[in-house]
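Heads up, the next two complexes both have chain A, just with different partners, chain B and then chain C.
Coming up: the complex of A and B.
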């Protein structure tokens, strides 16, 4: 903090967190090797992959909730839309994976913008109601529109084939998910530190200031919702091609709420926080709780765990678990408040 | 758009017959006044006179029921602001502060200033996501500009601190600094001296004059501190219950009988 800082220290302080994101990605990429070496169970890998996919979706929702101050309850619906589109396009129409990916993101964005056009004109919380309705409509469509969706039987798809000839297996797809997560972390960081990110935060903090400073609130609300929906669509595509199976009842309000819980528990307006939150909400029940003796047998244990955790976090760490460490540090060494702790 | 011309060449803002009512209450009642270029103009009146409502009508936070708000913007053209969108007003060169400071407490001081130049950012969303050279360059240029304004406003030392938790006087200064980011032609200040101590008020008077000269702009302000108003303003307009009372130099206004009655009541009232 003092003037003694030399160039190296300054560089470290000013550097973007890209390198830590990439390091995180590299560490995760080692996991499939561990599975091959039998050091890690295959089921763990599946759970971790779904944590990473929900992290991507959660990062999108964090932009909407943490920055723009809007709530969407239809995250799961848009994710489901992504899965079905991608499955239909690759398995039934034999389109290349890349094209299916683009379409499966573009269509949710279009639907999202239409939803937003109607609901964002009025007060912000109408978006929550509209998205809740639209995701229920999606679920009904997944059930009824059997020609494309196979109804209750669910829909299958394969691991992705990149560029038409690189056929990915289970491990390859896992690494693809990791790579996409790292890219998403980086562009999310860029976005929230750009003028668009500041505009989002301004409309959440003070609508009057936003208007007076020339921020078109309607436009920026639409934009942030479109980004959220795009992340959800992307998450859906990755889910489809890793789990290889989609089923209408996966995409319920409960999943939307779980993703919301992940953000609140992990850390609102925090990229590592979102990932930590996804791990806690989607990982801990599967990886730890279920394996506990006796109490692991209870059916609703995950819900109780998440519920209690939300209450505790909101009470004691309203900015999320990611800030627990800082809070301890501050208490013990009375460090001055670090700048910008919310944005990384 | 109006073909109406502002007669005198050096006018920057002309309010004509402005009225707005909330239900049965006429908050502003056919008010007219004009502000010249490089003028510091004060709007005074007892509590509830409708001063802030006038500001909100000028900046289109409220849509006036009748009247015109003619403004000569940065491009030299005269436009009627009535009917334009609230967020379009700043791009004409008209910027405001708020009575209850409206800053974003999760952002640093310098980032709050950058919000003030939102309209000058042009990079596309894609360019921002990928931090393409265009977005980076733009950010760098405007950040430099913000740093200069922070130096000018003696806020440079705290530029990277969060706004949340700063003392009141500093917040007022940050908000004033934010208005300078958009090359303003007219700055509207809503009670800039409220809550400041005497030394801070004197410093603010100097600063506002200096801003006028440095940025070549006009200033319209509402303030209850009469000493502040008479020391700083070139001309003052007094209103009461939304109606025009008098206009003139601070001395003329202080000696105006109508103004005295509005503030203090008629002598007979106490008889």
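Coming up: the complex of A and C.
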């Protein structure tokens, strides 16, 4: 007779994706305690926090790339816009964090929609070119618009203060990032499984079929780009208030490419895949490659590592690393079946 | 008046540099059906190779430029054989992602092999000339003439030679072209190689006025893409003409409006033009079959 699972395990099994997201969040929330107990280096916590922030941004880009088949090369630019807005609003204008958060997401959405209105009507790759130009404009603004952005000296901000009186420290901000990541994972999951998500899926299968079913491609492309930009803005705000410093040279094309690499390597259209990918792209170079003897000293190693991984994954595992195990399993069962049919 | 002529002559030179880069992008787009985001990085990489040959051997600059283009040719062939030829049956988005991967590889390799410091690159010839009050260097005249001759030669070849015919056939329909006995994989390979060589030449023409560095081609790359957008992706001549238009616009904006904000104004202007002419100035409407 099978033993009955206890209530917690039952709940975990019944509410599958949600409960595992929450479990993931709880495990991450333990990390600051480990740092306090000196079991984990502080620098690891910073690396992990930035990985989580890039995961949030990556989840947005995954909707755009995975479902609309569009590429944005301006992710870093929109993130940078979020950081500067949030820093200006909280540090210079002394607005509350929550309001600054809303504005720092709304403004990128507005700019994103304008970009999308122009570029999404034609072929898909026009968006990539338009965002490339837009992010270059952002960089120029970050450098030259010194009244707000402080130019090349960069801009500072503090840890966030929630509701006006809860002042978060380093660990508190880390837990805030984890909480927001879990919420974003749940929102993304629900979005993909909603009417909108099904429209996205149809669009991916065949644009003509989607059009024939009455799905307005232009509208849904625009929507997916708006979501991407909103997530990037949110990521920017979190980055600003965890790293507490923003600088024009952070928000270059290379960062956009790294975020793209994360979702391609991890797994397109997969929420855990995006997070796995972020750990590979942003974690492995920091935690492993830099510590290698001799070749670890070179600047470009991380980019070569990610670039080679992108090419290999697209060529051989187009669904990403998260599905590699299943692919192997399928291959094995296929082989066994074939062997079986020969012996019979 | 003399200022106007000065800007006009400068624009001819910068427009030519943009035109070479744009021609490289459109060649690859038409034959491989992908926008090659690594074009600028490959050009930058081979400009470094040329600079190192110059430092190492002290050969004349024009021979070094030809050697640099040859090395670009080889890099183009290698990239096509090792990666791009394996992606023939993939959807366009995967191909674009692969070129982004290539971009990261080249951007990582360059600082590893050549260091991060910018290096000076000399002009082909020195001295200058005064026409109607405007000064123009012999080097600029050489660049203008070389670009015009090269572009005309390529267009002549595209229209009249067997090679050009096979490129146009591959561009219009790869499957049918292959059925007609055109070696499409070799056509694609040569267009990658020629595109890389054209990009490297544009990088070396740009190098004396800036310097050879990792980010030297960033701006040119964006403008080359925008000229393809402005000229339309359906023709070979559209992007080249658009590149010259952008060259003129860029110089006039930076002189008459603002030198700091010239690039942002230019980009926004181009995007606004696209809003009204979505297929570009010279493009035809793309027709998709289900």
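As a convention for this text, the second predicted complex is superposed on the first by the 314 of 344 C-alpha atoms of A that agree within 3 Å, B and C clash if a C-alpha of one lies under 4 Å from a C-alpha of the other, contacts with A are read in each partner's own complex, and residues count from 1 in each chain.
In this text, a residue touches a chain if its C-beta (ideal position, glycine included) is under 8 Å from a C-beta of that chain, and two chains touch if they have at least 3 such contacts.
This is a predicted model, so every value here is computed, not measured.
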Superposition on chain A - do chain B and chain C clash or fit: fit
Which of chain B and chain C A:137 touches, first, second, both or neither: second
Partner chain in contact with A:123 - chain B first, chain C second, else both or neither: second
Partner chain in contact with A:307 - chain B first, chain C second, else both or neither: second
Which superposed partner A:187 touches (first chain B, second chain C, both, neither): first
Superposed model, chain A: greater residue contact from chain B or chain C: C
First (chain B), second (chain C), both or neither touched by A:198: first
Touched partner set for A:156, first chain B, second chain C, both or neither: neither
Chain B versus chain C as contact partner of A:253, first or second or both or neither: second
Touched partner set for A:208, first chain B, second chain C, both or neither: both
Vertex chain A angle, Cα centres of chain C and chain B, expressed to the nearest 10 degrees: 80
Which superposed partner A:69 touches (first chain B, second chain C, both, neither): second
Overlay on chain A, chain C to chain B nearest C-alpha distance, Å: 7
Interface residues of chain A shared between complexes with chain B and chain C: 206, 208
Of chain A, residues touching chain B in the complex: 187, 190-191, 194-196, 198-199, 201-202, 205-206, 208-217, 223, 269, 337, 339-340, 342
Contact set on chain C toward chain A in their complex: 35, 37, 83, 86-87, 90-94, 96-98, 100-112, 116, 218-219, 222, 225-226, 228-229, 233, 260-261, 263-264, 267-268, 270-272, 274-275, 278-279, 286, 288, 290
In the complex with chain C, residue positions of chain A that touch it: 65, 69-71, 73, 115, 117-119, 121-126, 128-130, 132-134, 136-137, 140-141, 144, 206, 208, 253-254, 257, 260-261, 264, 298-311, 314-315, 318
Chain A contact footprint on chain B (complex, rising order): 59, 61, 85-91, 95-96, 98, 102-108, 111, 114-116, 118-119, 121, 123, 125, 128-131, 135, 139, 160-162, 165, 178, 182
